[in-house]
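The two complexes that follow have chain A in common; it is paired with chain B in the first and with chain C in the second.
What follows is the complex of A and B.
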(Lines of atoms letter the chains of each structure in order from A and count residues from 1; the text may use other names and numbers.)
(Lines give C-alpha, C1' and ligand atoms only; values in the text may rest on other atoms or scores of the structure.)
Protein backbone atom coordinates (compact mmCIF):
# COMPACT_ATOMS: atom_id res chain seq x y z
CA UNK A 1 0.00 0.00 0.00
CA UNK A 2 2.96 2.32 0.39
CA UNK A 3 3.24 2.36 -3.39
CA UNK A 4 1.62 5.78 -3.65
CA UNK A 5 4.25 7.47 -1.49
CA UNK A 6 6.93 6.34 -3.91
CA UNK A 7 4.79 6.97 -6.99
CA UNK A 8 4.87 10.76 -6.59
CA UNK A 9 6.90 13.04 -4.42
CA UNK A 10 10.19 14.79 -4.71
CA UNK A 11 8.88 17.04 -7.46
CA UNK A 12 8.95 20.40 -5.72
CA UNK A 13 6.59 22.04 -8.18
CA UNK A 14 3.65 22.68 -5.93
CA UNK A 15 4.78 25.80 -4.14
CA UNK A 16 6.21 27.85 -7.01
CA UNK A 17 3.12 27.31 -9.16
CA UNK A 18 0.86 28.26 -6.28
CA UNK A 19 2.97 31.35 -5.49
CA UNK A 20 3.07 32.43 -9.13
CA UNK A 21 -0.70 32.16 -9.33
CA UNK A 22 -1.08 34.32 -6.21
CA UNK A 23 1.49 36.86 -7.43
CA UNK A 24 -0.14 37.15 -10.87
CA UNK A 25 -3.54 37.69 -9.27
CA UNK A 26 -2.12 40.48 -7.11
CA UNK A 27 -0.67 42.22 -10.18
CA UNK A 28 -3.96 41.90 -12.06
CA UNK A 29 -5.91 43.25 -9.09
CA UNK A 30 -3.61 46.26 -8.84
CA UNK A 31 -3.24 46.92 -12.55
CA UNK A 32 -6.88 46.71 -13.68
CA UNK A 33 -8.38 49.50 -11.53
CA UNK A 34 -5.34 51.74 -12.13
CA UNK A 35 -5.61 51.17 -15.87
CA UNK A 36 -9.37 51.89 -15.82
CA UNK A 37 -8.86 55.16 -13.94
CA UNK A 38 -6.08 56.11 -16.32
CA UNK A 39 -8.28 55.44 -19.36
CA UNK A 40 -11.35 57.20 -17.95
CA UNK A 41 -9.33 60.33 -17.11
CA UNK A 42 -8.19 60.51 -20.70
CA UNK A 43 -11.40 62.01 -22.14
CA UNK A 44 -12.56 62.31 -24.84
CA UNK A 45 -11.62 58.77 -25.68
CA UNK A 46 -11.46 58.63 -29.45
CA UNK A 47 -9.21 56.36 -31.51
CA UNK A 48 -6.30 58.78 -31.50
CA UNK A 49 -6.41 59.17 -27.69
CA UNK A 50 -6.79 55.41 -27.21
CA UNK A 51 -3.75 54.55 -29.32
CA UNK A 52 -1.90 57.50 -27.80
CA UNK A 53 -2.28 55.82 -24.42
CA UNK A 54 -0.01 53.00 -25.54
CA UNK A 55 2.86 55.07 -26.88
CA UNK A 56 4.83 55.51 -23.60
CA UNK A 57 7.16 52.59 -22.87
CA UNK A 58 5.91 52.33 -19.26
CA UNK A 59 2.38 51.67 -20.59
CA UNK A 60 3.60 49.08 -23.07
CA UNK A 61 5.57 47.25 -20.38
CA UNK A 62 2.84 47.34 -17.72
CA UNK A 63 0.20 46.12 -20.19
CA UNK A 64 2.50 43.37 -21.39
CA UNK A 65 3.14 42.36 -17.77
CA UNK A 66 -0.61 42.26 -17.26
CA UNK A 67 -1.08 39.99 -20.27
CA UNK A 68 1.74 37.75 -19.06
CA UNK A 69 0.07 37.62 -15.63
CA UNK A 70 -3.29 36.65 -17.18
CA UNK A 71 -1.70 33.93 -19.28
CA UNK A 72 0.42 32.54 -16.43
CA UNK A 73 -2.59 32.60 -14.11
CA UNK A 74 -4.77 30.87 -16.69
CA UNK A 75 -2.15 28.26 -17.53
CA UNK A 76 -1.64 27.31 -13.88
CA UNK A 77 -5.41 27.12 -13.46
CA UNK A 78 -5.65 24.83 -16.48
CA UNK A 79 -2.79 22.73 -15.13
CA UNK A 80 -4.75 22.29 -11.89
CA UNK A 81 -7.79 21.16 -13.87
CA UNK A 82 -5.71 18.74 -15.94
CA UNK A 83 -4.09 17.26 -12.81
CA UNK A 84 -7.53 16.82 -11.25
CA UNK A 85 -9.36 15.35 -14.22
CA UNK A 86 -6.91 14.09 -16.87
CA UNK A 87 -5.23 11.14 -15.22
CA UNK A 88 -3.39 9.62 -18.17
CA UNK A 89 0.10 10.91 -18.82
CA UNK A 90 -0.04 11.27 -22.58
CA UNK A 91 -3.24 13.30 -22.94
CA UNK A 92 -2.20 15.39 -19.95
CA UNK A 93 1.21 16.20 -21.42
CA UNK A 94 -0.40 16.93 -24.79
CA UNK A 95 -2.82 19.37 -23.13
CA UNK A 96 0.01 21.02 -21.14
CA UNK A 97 2.05 21.60 -24.28
CA UNK A 98 -0.90 22.62 -26.45
CA UNK A 99 -1.96 25.32 -24.03
CA UNK A 100 1.62 26.39 -23.27
CA UNK A 101 2.16 26.88 -27.01
CA UNK A 102 -1.16 28.67 -27.45
CA UNK A 103 -0.51 31.03 -24.54
CA UNK A 104 3.07 31.72 -25.62
CA UNK A 105 1.74 32.56 -29.08
CA UNK A 106 -0.75 34.94 -27.47
CA UNK A 107 2.08 36.60 -25.56
CA UNK A 108 4.18 37.10 -28.68
CA UNK A 109 1.16 38.40 -30.54
CA UNK A 110 0.52 40.87 -27.68
CA UNK A 111 4.11 42.13 -27.99
CA UNK A 112 3.58 42.65 -31.71
CA UNK A 113 0.33 44.57 -31.15
CA UNK A 114 1.72 46.75 -28.36
CA UNK A 115 4.92 47.67 -30.17
CA UNK A 116 3.12 48.38 -33.43
CA UNK A 117 1.68 51.48 -31.73
CA UNK A 118 4.03 54.42 -32.05
CA UNK B 1 -40.71 8.47 9.69
CA UNK B 2 -39.49 7.49 6.25
CA UNK B 3 -35.92 6.47 5.49
CA UNK B 4 -34.13 5.49 2.31
CA UNK B 5 -30.92 3.66 3.11
CA UNK B 6 -28.07 2.51 0.88
CA UNK B 7 -27.64 -1.25 1.06
CA UNK B 8 -24.85 -3.42 -0.23
CA UNK B 9 -24.23 -7.04 0.58
CA UNK B 10 -21.03 -8.41 -0.94
CA UNK B 11 -22.10 -11.99 -0.18
CA UNK B 12 -25.54 -12.03 -1.76
CA UNK B 13 -24.47 -13.08 -5.22
CA UNK B 14 -28.06 -13.66 -6.31
CA UNK B 15 -29.42 -10.41 -4.98
CA UNK B 16 -29.76 -7.86 -7.80
CA UNK B 17 -26.56 -9.20 -9.34
CA UNK B 18 -24.61 -8.11 -6.31
CA UNK B 19 -25.26 -4.43 -6.90
CA UNK B 20 -26.00 -1.88 -4.19
CA UNK B 21 -29.61 -0.73 -3.87
CA UNK B 22 -31.63 1.86 -1.96
CA UNK B 23 -34.07 0.38 0.53
CA UNK B 24 -37.05 2.23 1.96
CA UNK B 25 -38.03 1.89 5.61
CA UNK B 26 -41.01 3.33 7.43
CA UNK B 27 -40.90 3.38 11.19
CA UNK B 28 -43.07 4.97 13.88
CA UNK B 29 -40.57 7.01 15.78
CA UNK B 30 -40.82 10.22 17.75
CA UNK B 31 -37.95 12.33 16.39
CA UNK B 32 -37.95 14.81 19.28
CA UNK B 33 -34.55 14.87 20.90
CA UNK B 34 -33.44 11.86 18.87
CA UNK B 35 -30.47 11.51 16.55
CA UNK B 36 -30.04 9.73 13.22
CA UNK B 37 -28.16 6.91 14.96
CA UNK B 38 -31.17 6.28 17.26
CA UNK B 39 -33.31 5.72 14.15
CA UNK B 40 -30.70 3.42 12.56
CA UNK B 41 -30.55 1.34 15.75
CA UNK B 42 -34.37 1.24 15.93
CA UNK B 43 -34.58 0.07 12.30
CA UNK B 44 -31.99 -2.62 12.97
CA UNK B 45 -33.79 -3.72 16.15
CA UNK B 46 -37.33 -3.80 14.81
CA UNK B 47 -37.37 -3.92 11.00
CA UNK B 48 -34.20 -5.33 9.51
CA UNK B 49 -31.44 -6.90 11.54
CA UNK B 50 -29.26 -7.25 8.42
CA UNK B 51 -28.72 -3.47 8.22
CA UNK B 52 -25.06 -2.82 9.01
CA UNK B 53 -23.38 0.33 10.27
CA UNK B 54 -20.54 1.28 12.59
CA UNK B 55 -21.11 2.96 15.91
CA UNK B 56 -19.38 2.91 19.23
CA UNK B 57 -19.57 5.78 21.70
CA UNK B 58 -22.92 7.18 20.42
CA UNK B 59 -21.96 10.71 21.48
CA UNK B 60 -19.65 12.20 18.86
CA UNK B 61 -16.35 11.23 20.45
CA UNK B 62 -15.18 8.09 18.69
CA UNK B 63 -15.90 9.16 15.11
CA UNK B 64 -16.96 5.75 13.86
CA UNK B 65 -20.45 6.53 12.55
CA UNK B 66 -19.69 9.03 9.80
CA UNK B 67 -22.40 8.70 7.12
CA UNK B 68 -23.89 10.81 4.37
CA UNK B 69 -27.37 12.03 5.38
CA UNK B 70 -29.41 13.85 2.72
CA UNK B 71 -26.20 14.61 0.85
CA UNK B 72 -24.17 15.91 3.78
CA UNK B 73 -21.44 14.02 5.65
CA UNK B 74 -22.32 13.88 9.34
CA UNK B 75 -21.84 11.82 12.46
CA UNK B 76 -25.13 9.94 12.80
CA UNK B 77 -24.96 10.10 16.60
CA UNK B 78 -24.95 13.89 16.87
CA UNK B 79 -27.26 14.75 13.96
CA UNK B 80 -30.79 15.63 15.07
CA UNK B 81 -33.63 13.87 13.22
CA UNK B 82 -35.90 16.87 13.57
CA UNK B 83 -35.86 19.13 10.54
CA UNK B 84 -34.42 16.53 8.15
CA UNK B 85 -36.30 16.25 4.86
CA UNK B 86 -38.08 12.91 4.44
CA UNK B 87 -37.45 10.32 3.23
CA UNK B 88 -34.14 10.71 5.05
CA UNK B 89 -31.55 9.36 2.65
CA UNK B 90 -28.59 7.71 4.34
CA UNK B 91 -25.56 6.63 2.33
CA UNK B 92 -22.02 5.58 3.20
CA UNK B 93 -19.30 8.25 3.13
CA UNK B 94 -18.54 9.12 -0.53
CA UNK B 95 -15.58 7.88 -2.56
CA UNK B 96 -14.41 5.14 -0.19
CA UNK B 97 -15.04 1.49 -1.00
CA UNK B 98 -18.15 0.02 0.63
CA UNK B 99 -17.62 -3.07 2.76
CA UNK B 100 -21.31 -3.55 3.57
CA UNK B 101 -24.28 -1.18 3.73
CA UNK B 102 -23.04 1.95 5.54
CA UNK B 103 -19.64 0.51 6.45
CA UNK B 104 -16.79 1.91 4.35
CA UNK B 105 -13.20 0.79 3.90
CA UNK B 106 -11.12 3.45 5.66
CA UNK B 107 -7.74 1.98 4.60
CA UNK B 108 -6.92 4.82 2.19
CA UNK B 109 -7.88 7.41 4.78
CA UNK B 110 -5.66 5.89 7.47
CA UNK B 111 -2.83 5.43 4.99
CA UNK B 112 -2.76 9.19 4.42
CA UNK B 113 -2.98 9.71 8.17
CA UNK B 114 0.03 7.45 8.78
CA UNK B 115 1.93 9.12 5.94
CA UNK B 116 2.10 12.45 7.81
CA UNK B 117 3.77 10.75 10.80
CA UNK B 118 1.16 11.75 13.34
CA UNK B 119 3.45 11.53 16.34
CA UNK B 120 6.04 13.69 18.05
CA UNK B 121 9.51 13.45 16.54
CA UNK B 122 12.09 14.69 19.03
CA UNK B 123 15.63 13.34 19.06
CA UNK B 124 16.70 14.99 22.33
CA UNK B 125 17.31 12.67 25.27
CA UNK B 126 14.05 11.95 26.99
CA UNK B 127 13.54 14.27 29.95
CA UNK B 128 13.00 13.04 33.48
CA UNK B 129 9.37 13.99 33.44
CA UNK B 130 7.43 15.48 30.53
CA UNK B 131 8.46 17.85 27.72
CA UNK B 132 7.14 21.19 28.89
CA UNK B 133 5.40 23.81 26.77
CA UNK B 134 4.38 27.36 27.57
CA UNK B 135 0.61 27.95 27.68
CA UNK B 136 0.98 30.06 24.51
CA UNK B 137 2.74 27.26 22.65
CA UNK B 138 0.15 24.82 23.87
CA UNK B 139 -2.63 27.10 22.63
CA UNK B 140 -1.24 26.73 19.10
CA UNK B 141 -2.53 23.17 19.11
CA UNK B 142 -6.13 24.10 19.85
CA UNK B 143 -8.38 23.43 16.90
CA UNK B 144 -5.97 20.71 15.74
CA UNK B 145 -5.80 17.98 18.39
CA UNK B 146 -9.60 17.68 18.65
CA UNK B 147 -9.88 15.78 15.34
CA UNK B 148 -11.51 12.36 15.85
CA UNK B 149 -10.61 11.01 12.38
CA UNK B 150 -14.23 10.33 11.41
CA UNK B 151 -13.42 10.99 7.75
CA UNK B 152 -16.36 13.35 7.13
CA UNK B 153 -14.10 16.15 5.82
CA UNK B 154 -11.80 14.12 3.58
CA UNK B 155 -14.65 12.23 1.92
CA UNK B 156 -16.51 15.52 1.32
CA UNK B 157 -13.53 16.99 -0.54
CA UNK B 158 -13.71 16.97 -4.36
CA UNK B 159 -9.91 17.10 -4.55
CA UNK B 160 -9.86 13.82 -2.63
CA UNK B 161 -12.53 12.39 -4.95
CA UNK B 162 -10.38 13.10 -8.03
CA UNK B 163 -7.03 12.02 -6.54
CA UNK B 164 -7.78 9.85 -3.50
CA UNK B 165 -4.46 8.01 -3.72
CA UNK B 166 -2.27 11.12 -3.94
CA UNK B 167 -4.00 14.05 -2.21
CA UNK B 168 -3.70 13.58 1.55
CA UNK B 169 -7.07 15.15 2.29
CA UNK B 170 -8.05 17.69 4.95
CA UNK B 171 -7.96 15.31 7.93
CA UNK B 172 -4.37 14.15 7.33
CA UNK B 173 -3.25 17.71 6.52
CA UNK B 174 -4.83 19.00 9.73
CA UNK B 175 -2.91 16.31 11.64
CA UNK B 176 0.27 17.16 9.76
CA UNK B 177 -0.06 20.77 10.88
CA UNK B 178 -0.85 19.63 14.42
CA UNK B 179 2.75 18.31 14.62
CA UNK B 180 4.29 21.11 12.56
CA UNK B 181 2.77 23.58 15.03
CA UNK B 182 4.01 21.63 18.04
CA UNK B 183 7.04 23.40 19.55
CA UNK B 184 8.31 20.07 20.93
CA UNK B 185 8.54 18.53 17.45
CA UNK B 186 11.89 18.69 15.64
CA UNK B 187 10.94 17.36 12.22
CA UNK B 188 9.24 20.46 10.81
CA UNK B 189 11.53 20.60 7.78
CA UNK B 190 11.02 16.96 6.89
CA UNK B 191 7.27 17.35 7.34
CA UNK B 192 7.25 20.37 5.01
CA UNK B 193 9.45 18.54 2.49
CA UNK B 194 6.94 15.72 2.38
CA UNK B 195 4.08 18.11 1.62
CA UNK B 196 5.84 20.05 -1.12
CA UNK B 197 4.74 18.30 -4.28
CA UNK B 198 1.89 18.96 -6.69
CA UNK B 199 -0.50 16.51 -5.01
CA UNK B 200 -0.24 15.92 -1.29
CA UNK B 201 -1.07 19.47 -0.20
CA UNK B 202 -1.46 21.55 -3.33
CA UNK B 203 -4.55 19.73 -4.67
CA UNK B 204 -6.44 21.79 -2.07
CA UNK B 205 -8.33 24.51 -3.96
CA UNK B 206 -10.02 26.05 -0.92
CA UNK B 207 -13.41 24.52 -1.67
CA UNK B 208 -14.12 24.50 2.09
CA UNK B 209 -16.41 21.47 2.18
CA UNK B 210 -14.15 20.23 5.00
CA UNK B 211 -14.87 23.28 7.13
CA UNK B 212 -18.59 23.01 6.47
CA UNK B 213 -18.99 19.35 7.46
CA UNK B 214 -16.53 18.91 10.35
CA UNK B 215 -18.67 17.63 13.26
CA UNK B 216 -16.12 19.00 15.73
CA UNK B 217 -16.21 22.49 14.18
CA UNK B 218 -12.54 22.38 13.15
CA UNK B 219 -11.01 24.27 10.24
CA UNK B 220 -8.66 22.13 8.12
CA UNK B 221 -8.48 24.88 5.47
CA UNK B 222 -6.94 27.29 7.99
CA UNK B 223 -4.35 24.65 8.90
CA UNK B 224 -3.57 24.12 5.21
CA UNK B 225 -3.20 27.89 4.81
CA UNK B 226 -0.72 27.98 7.70
CA UNK B 227 1.30 25.16 6.14
CA UNK B 228 1.42 27.13 2.86
CA UNK B 229 2.62 30.22 4.73
CA UNK B 230 5.40 28.18 6.32
CA UNK B 231 6.37 26.73 2.94
CA UNK B 232 6.60 30.24 1.50
CA UNK B 233 8.59 31.52 4.48
CA UNK B 234 10.99 28.62 4.11
CA UNK B 235 11.42 29.11 0.37
CA UNK B 236 12.07 32.87 0.39
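What follows is the complex of A and C.
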Protein backbone atom coordinates (compact mmCIF):
# COMPACT_ATOMS: atom_id res chain seq x y z
CA UNK A 1 0.00 0.00 0.00
CA UNK A 2 1.37 3.42 -0.90
CA UNK A 3 2.44 5.98 1.67
CA UNK A 4 -0.13 8.33 0.17
CA UNK A 5 -2.95 5.85 0.78
CA UNK A 6 -1.94 5.42 4.39
CA UNK A 7 -1.59 9.14 5.07
CA UNK A 8 -4.72 10.39 3.35
CA UNK A 9 -7.09 7.44 3.58
CA UNK A 10 -5.74 5.44 6.47
CA UNK A 11 -6.32 5.16 10.16
CA UNK A 12 -4.19 8.05 11.41
CA UNK A 13 -7.16 9.54 13.15
CA UNK A 14 -7.63 6.28 14.98
CA UNK A 15 -8.05 7.59 18.50
CA UNK A 16 -10.73 10.21 17.96
CA UNK A 17 -12.62 7.81 15.67
CA UNK A 18 -12.28 5.07 18.29
CA UNK A 19 -13.58 7.39 21.00
CA UNK A 20 -16.51 8.66 18.93
CA UNK A 21 -17.42 5.04 18.10
CA UNK A 22 -17.56 4.25 21.85
CA UNK A 23 -19.39 7.42 22.81
CA UNK A 24 -22.06 6.91 20.14
CA UNK A 25 -22.45 3.23 21.08
CA UNK A 26 -23.01 4.08 24.75
CA UNK A 27 -25.70 6.63 23.88
CA UNK A 28 -27.44 4.18 21.55
CA UNK A 29 -27.26 1.35 24.10
CA UNK A 30 -28.87 3.58 26.74
CA UNK A 31 -31.41 5.24 24.45
CA UNK A 32 -32.80 2.13 22.74
CA UNK A 33 -34.12 0.30 25.85
CA UNK A 34 -35.49 3.57 27.27
CA UNK A 35 -37.28 4.33 24.01
CA UNK A 36 -38.62 0.77 23.86
CA UNK A 37 -40.15 1.19 27.33
CA UNK A 38 -41.76 4.47 26.21
CA UNK A 39 -43.26 2.77 23.17
CA UNK A 40 -44.49 -0.29 25.09
CA UNK A 41 -46.17 1.91 27.71
CA UNK A 42 -48.21 3.43 24.93
CA UNK A 43 -50.29 0.44 23.84
CA UNK A 44 -52.34 -0.13 21.79
CA UNK A 45 -49.93 1.37 19.31
CA UNK A 46 -51.85 3.14 16.59
CA UNK A 47 -50.76 6.10 14.49
CA UNK A 48 -52.05 8.66 16.98
CA UNK A 49 -50.18 7.12 19.93
CA UNK A 50 -46.99 6.54 17.88
CA UNK A 51 -46.79 10.03 16.41
CA UNK A 52 -47.86 11.48 19.75
CA UNK A 53 -44.63 10.14 21.25
CA UNK A 54 -42.67 12.48 18.97
CA UNK A 55 -44.49 15.70 19.84
CA UNK A 56 -42.47 16.83 22.92
CA UNK A 57 -39.30 18.74 22.09
CA UNK A 58 -37.27 16.53 24.46
CA UNK A 59 -38.28 13.48 22.41
CA UNK A 60 -37.48 15.16 19.09
CA UNK A 61 -34.06 16.21 20.34
CA UNK A 62 -33.14 12.89 21.94
CA UNK A 63 -34.28 10.94 18.85
CA UNK A 64 -32.33 13.29 16.58
CA UNK A 65 -29.29 12.81 18.80
CA UNK A 66 -29.81 9.04 18.50
CA UNK A 67 -29.99 9.28 14.70
CA UNK A 68 -26.84 11.44 14.65
CA UNK A 69 -25.10 8.79 16.81
CA UNK A 70 -26.25 6.03 14.44
CA UNK A 71 -24.96 7.94 11.39
CA UNK A 72 -21.57 8.75 12.94
CA UNK A 73 -21.24 5.16 14.19
CA UNK A 74 -22.18 3.74 10.79
CA UNK A 75 -19.74 5.98 8.92
CA UNK A 76 -16.83 5.09 11.20
CA UNK A 77 -17.71 1.39 10.97
CA UNK A 78 -17.89 1.49 7.18
CA UNK A 79 -14.57 3.36 7.16
CA UNK A 80 -12.99 0.45 9.06
CA UNK A 81 -14.35 -1.96 6.45
CA UNK A 82 -13.11 0.20 3.54
CA UNK A 83 -9.64 0.45 5.14
CA UNK A 84 -9.54 -3.35 5.32
CA UNK A 85 -10.80 -4.20 1.85
CA UNK A 86 -10.35 -1.17 -0.46
CA UNK A 87 -6.62 -0.73 -0.96
CA UNK A 88 -6.52 1.97 -3.63
CA UNK A 89 -6.73 5.56 -2.54
CA UNK A 90 -9.21 6.89 -5.07
CA UNK A 91 -12.02 4.35 -4.65
CA UNK A 92 -11.52 4.41 -0.88
CA UNK A 93 -11.87 8.20 -0.72
CA UNK A 94 -14.81 8.04 -3.12
CA UNK A 95 -16.56 5.64 -0.72
CA UNK A 96 -15.74 7.87 2.31
CA UNK A 97 -17.21 10.91 0.58
CA UNK A 98 -20.21 9.11 -0.90
CA UNK A 99 -21.30 7.78 2.50
CA UNK A 100 -20.53 11.07 4.23
CA UNK A 101 -22.80 12.84 1.74
CA UNK A 102 -25.50 10.17 2.03
CA UNK A 103 -25.47 10.28 5.83
CA UNK A 104 -25.44 14.08 6.01
CA UNK A 105 -28.47 14.03 3.73
CA UNK A 106 -30.07 11.46 6.07
CA UNK A 107 -29.46 13.74 9.06
CA UNK A 108 -31.14 16.69 7.36
CA UNK A 109 -33.99 14.41 6.27
CA UNK A 110 -34.36 13.20 9.88
CA UNK A 111 -34.74 16.80 11.09
CA UNK A 112 -37.53 17.29 8.56
CA UNK A 113 -39.24 14.00 9.55
CA UNK A 114 -39.13 14.76 13.27
CA UNK A 115 -40.15 18.41 13.07
CA UNK A 116 -43.04 17.60 10.76
CA UNK A 117 -44.73 15.90 13.71
CA UNK A 118 -46.82 18.28 15.74
CA UNK B 1 8.09 -12.83 4.73
CA UNK B 2 8.79 -16.10 6.48
CA UNK B 3 7.18 -18.78 4.35
CA UNK B 4 8.58 -21.60 6.48
CA UNK B 5 6.20 -21.06 9.36
CA UNK B 6 4.01 -23.98 10.35
CA UNK B 7 1.17 -24.26 7.89
CA UNK B 8 -2.09 -26.02 8.64
CA UNK B 9 -4.88 -25.63 6.16
CA UNK B 10 -7.06 -28.70 6.43
CA UNK B 11 -10.37 -27.06 5.61
CA UNK B 12 -12.32 -29.95 7.11
CA UNK B 13 -10.48 -29.72 10.43
CA UNK B 14 -10.00 -25.99 11.05
CA UNK B 15 -12.82 -24.01 12.53
CA UNK B 16 -13.26 -20.35 13.39
CA UNK B 17 -13.43 -20.05 17.19
CA UNK B 18 -16.72 -18.72 18.63
CA UNK B 19 -15.14 -15.30 19.24
CA UNK B 20 -14.26 -15.15 15.56
CA UNK B 21 -17.79 -16.08 14.53
CA UNK B 22 -19.29 -13.38 16.74
CA UNK B 23 -16.73 -10.89 15.42
CA UNK B 24 -17.35 -11.46 11.71
CA UNK B 25 -21.11 -11.40 12.33
CA UNK B 26 -20.62 -8.11 14.22
CA UNK B 27 -19.06 -6.68 11.07
CA UNK B 28 -21.62 -8.21 8.70
CA UNK B 29 -24.59 -7.08 10.80
CA UNK B 30 -23.05 -3.60 11.11
CA UNK B 31 -22.58 -3.31 7.35
CA UNK B 32 -26.16 -4.49 6.78
CA UNK B 33 -27.56 -1.97 9.26
CA UNK B 34 -25.43 0.85 7.82
CA UNK B 35 -26.80 0.18 4.35
CA UNK B 36 -30.35 -0.13 5.70
CA UNK B 37 -30.38 3.35 7.30
CA UNK B 38 -32.11 5.18 4.41
CA UNK B 39 -34.80 2.48 4.22
CA UNK B 40 -35.36 2.66 7.99
CA UNK B 41 -35.65 6.46 7.84
CA UNK B 42 -38.15 6.07 5.02
CA UNK B 43 -40.20 3.68 7.18
CA UNK B 44 -40.01 6.17 10.08
CA UNK B 45 -41.19 8.98 7.81
CA UNK B 46 -44.16 6.94 6.54
CA UNK B 47 -45.10 5.74 10.02
CA UNK B 48 -45.31 9.33 11.28
CA UNK B 49 -46.83 11.01 8.23
CA UNK B 50 -50.42 9.79 8.26
CA UNK B 51 -52.61 6.97 9.59
CA UNK B 52 -52.78 5.51 6.05
CA UNK B 53 -48.99 5.42 5.69
CA UNK B 54 -48.66 4.05 9.23
CA UNK B 55 -50.97 1.21 8.17
CA UNK B 56 -48.83 0.63 5.06
CA UNK B 57 -45.68 0.23 7.17
CA UNK B 58 -47.54 -2.08 9.57
CA UNK B 59 -48.82 -4.17 6.66
CA UNK B 60 -45.35 -4.39 5.09
CA UNK B 61 -43.65 -5.65 8.27
CA UNK B 62 -46.72 -7.66 9.29
CA UNK B 63 -46.32 -10.51 6.84
CA UNK B 64 -44.51 -12.13 3.94
CA UNK B 65 -41.18 -10.81 2.72
CA UNK B 66 -41.41 -7.66 4.86
CA UNK B 67 -41.82 -9.81 7.98
CA UNK B 68 -38.65 -11.75 7.10
CA UNK B 69 -36.73 -8.55 6.35
CA UNK B 70 -37.88 -7.16 9.70
CA UNK B 71 -36.68 -10.28 11.53
CA UNK B 72 -33.28 -10.19 9.80
CA UNK B 73 -32.91 -6.49 10.62
CA UNK B 74 -33.93 -7.14 14.23
CA UNK B 75 -31.40 -9.96 14.53
CA UNK B 76 -28.68 -7.74 12.98
CA UNK B 77 -29.49 -4.97 15.46
CA UNK B 78 -29.51 -7.27 18.50
CA UNK B 79 -26.40 -9.21 17.50
CA UNK B 80 -24.55 -5.96 16.81
CA UNK B 81 -25.73 -4.53 20.14
CA UNK B 82 -24.73 -7.55 22.24
CA UNK B 83 -21.41 -8.09 20.45
CA UNK B 84 -20.78 -4.36 20.84
CA UNK B 85 -21.50 -4.43 24.59
CA UNK B 86 -18.96 -7.26 24.79
CA UNK B 87 -16.41 -4.98 23.13
CA UNK B 88 -17.20 -2.17 25.56
CA UNK B 89 -16.48 -4.73 28.29
CA UNK B 90 -13.08 -5.46 26.75
CA UNK B 91 -12.37 -1.71 26.66
CA UNK B 92 -12.74 -1.47 30.43
CA UNK B 93 -10.84 -4.70 30.92
CA UNK B 94 -13.77 -7.07 31.54
CA UNK B 95 -13.81 -10.54 30.03
CA UNK B 96 -10.45 -10.62 28.31
CA UNK B 97 -9.49 -14.05 29.68
CA UNK B 98 -10.13 -16.91 27.29
CA UNK B 99 -12.83 -18.66 29.30
CA UNK B 100 -14.87 -15.53 29.95
CA UNK B 101 -14.36 -14.24 26.40
CA UNK B 102 -15.76 -17.50 25.04
CA UNK B 103 -18.65 -17.43 27.47
CA UNK B 104 -19.66 -13.86 26.58
CA UNK B 105 -19.30 -14.67 22.87
CA UNK B 106 -21.74 -17.56 23.25
CA UNK B 107 -24.08 -15.40 25.37
CA UNK B 108 -24.11 -12.55 22.81
CA UNK B 109 -24.75 -14.95 19.96
CA UNK B 110 -27.48 -16.87 21.82
CA UNK B 111 -29.23 -13.80 23.25
CA UNK B 112 -29.81 -12.30 19.80
CA UNK B 113 -31.06 -15.58 18.33
CA UNK B 114 -33.33 -16.39 21.29
CA UNK B 115 -34.86 -12.89 21.36
CA UNK B 116 -35.55 -12.86 17.62
CA UNK B 117 -36.94 -16.41 17.81
CA UNK B 118 -39.22 -15.46 20.69
CA UNK B 119 -40.35 -12.33 18.89
CA UNK B 120 -41.12 -14.35 15.74
CA UNK B 121 -43.08 -16.95 17.74
CA UNK B 122 -45.14 -14.29 19.53
CA UNK B 123 -45.89 -12.67 16.17
CA UNK B 124 -46.95 -15.99 14.70
CA UNK B 125 -49.11 -16.81 17.70
CA UNK B 126 -50.79 -13.39 17.62
CA UNK B 127 -51.55 -13.68 13.93
CA UNK B 128 -53.04 -17.11 14.52
CA UNK B 129 -50.32 -18.85 12.54
CA UNK B 130 -49.71 -21.30 15.36
CA UNK B 131 -53.34 -21.87 16.25
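Criterion: the second predicted complex is superposed on the first by the 106 of 118 C-alpha atoms of A that agree within 3 Å, B and C clash if a C-alpha of one lies under 4 Å from a C-alpha of the other, contacts with A are read in each partner's own complex, and residues count from 1 in each chain.
As a convention for this text, a residue touches a chain if its C-beta (ideal position, glycine included) is under 8 Å from a C-beta of that chain, and two chains touch if they have at least 3 such contacts.
Because the structure is a prediction, the values reported are computed rather than measured.
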Quick one: is A:109 in contact with chain B, with chain C, with both, or with neither? Answer first, second, both or neither. second
Once chain A of both complexes is superposed, is A:97 in touch with chain B (first), chain C (second), both, or neither? neither
Answer with first, second, both or neither: which of chain B and chain C does A:38 touch in the superposed model? neither
Tell me which partner A:78 touches in the superposition: chain B (first), chain C (second), both or neither. second
Winner on chain A touched-residue count between chain B and chain C: chain C
For A:50 in the superposed arrangement: first (chain B), second (chain C), both or neither? second
May I ask you to decide whether A:17 touches chain B, chain C, both, or neither, giving the answer as first, second, both or neither? first
Per the touch rule above, chain A residues touching chain C in the complex are 22, 25-26, 28-29, 32, 46-48, 50-51, 54, 67, 70-71, 74-75, 77-78, 81, 99, 102-103, 106, 109-110, 113, 116-117
Please output the residues of chain A touching chain B within their complex, sorted ascending. 1-2, 4-5, 7-19, 80, 83-85
Going by the contact rule at the top, pick out the chain C residues touching chain A in the complex. 27, 30-31, 33-34, 37-38, 41, 44-45, 47-51, 54-55, 81, 84-85, 88, 91
Complex contact set, residues of chain B against chain A: 107, 111, 115, 159, 162-163, 165-166, 194-203, 205, 228, 231-232, 235
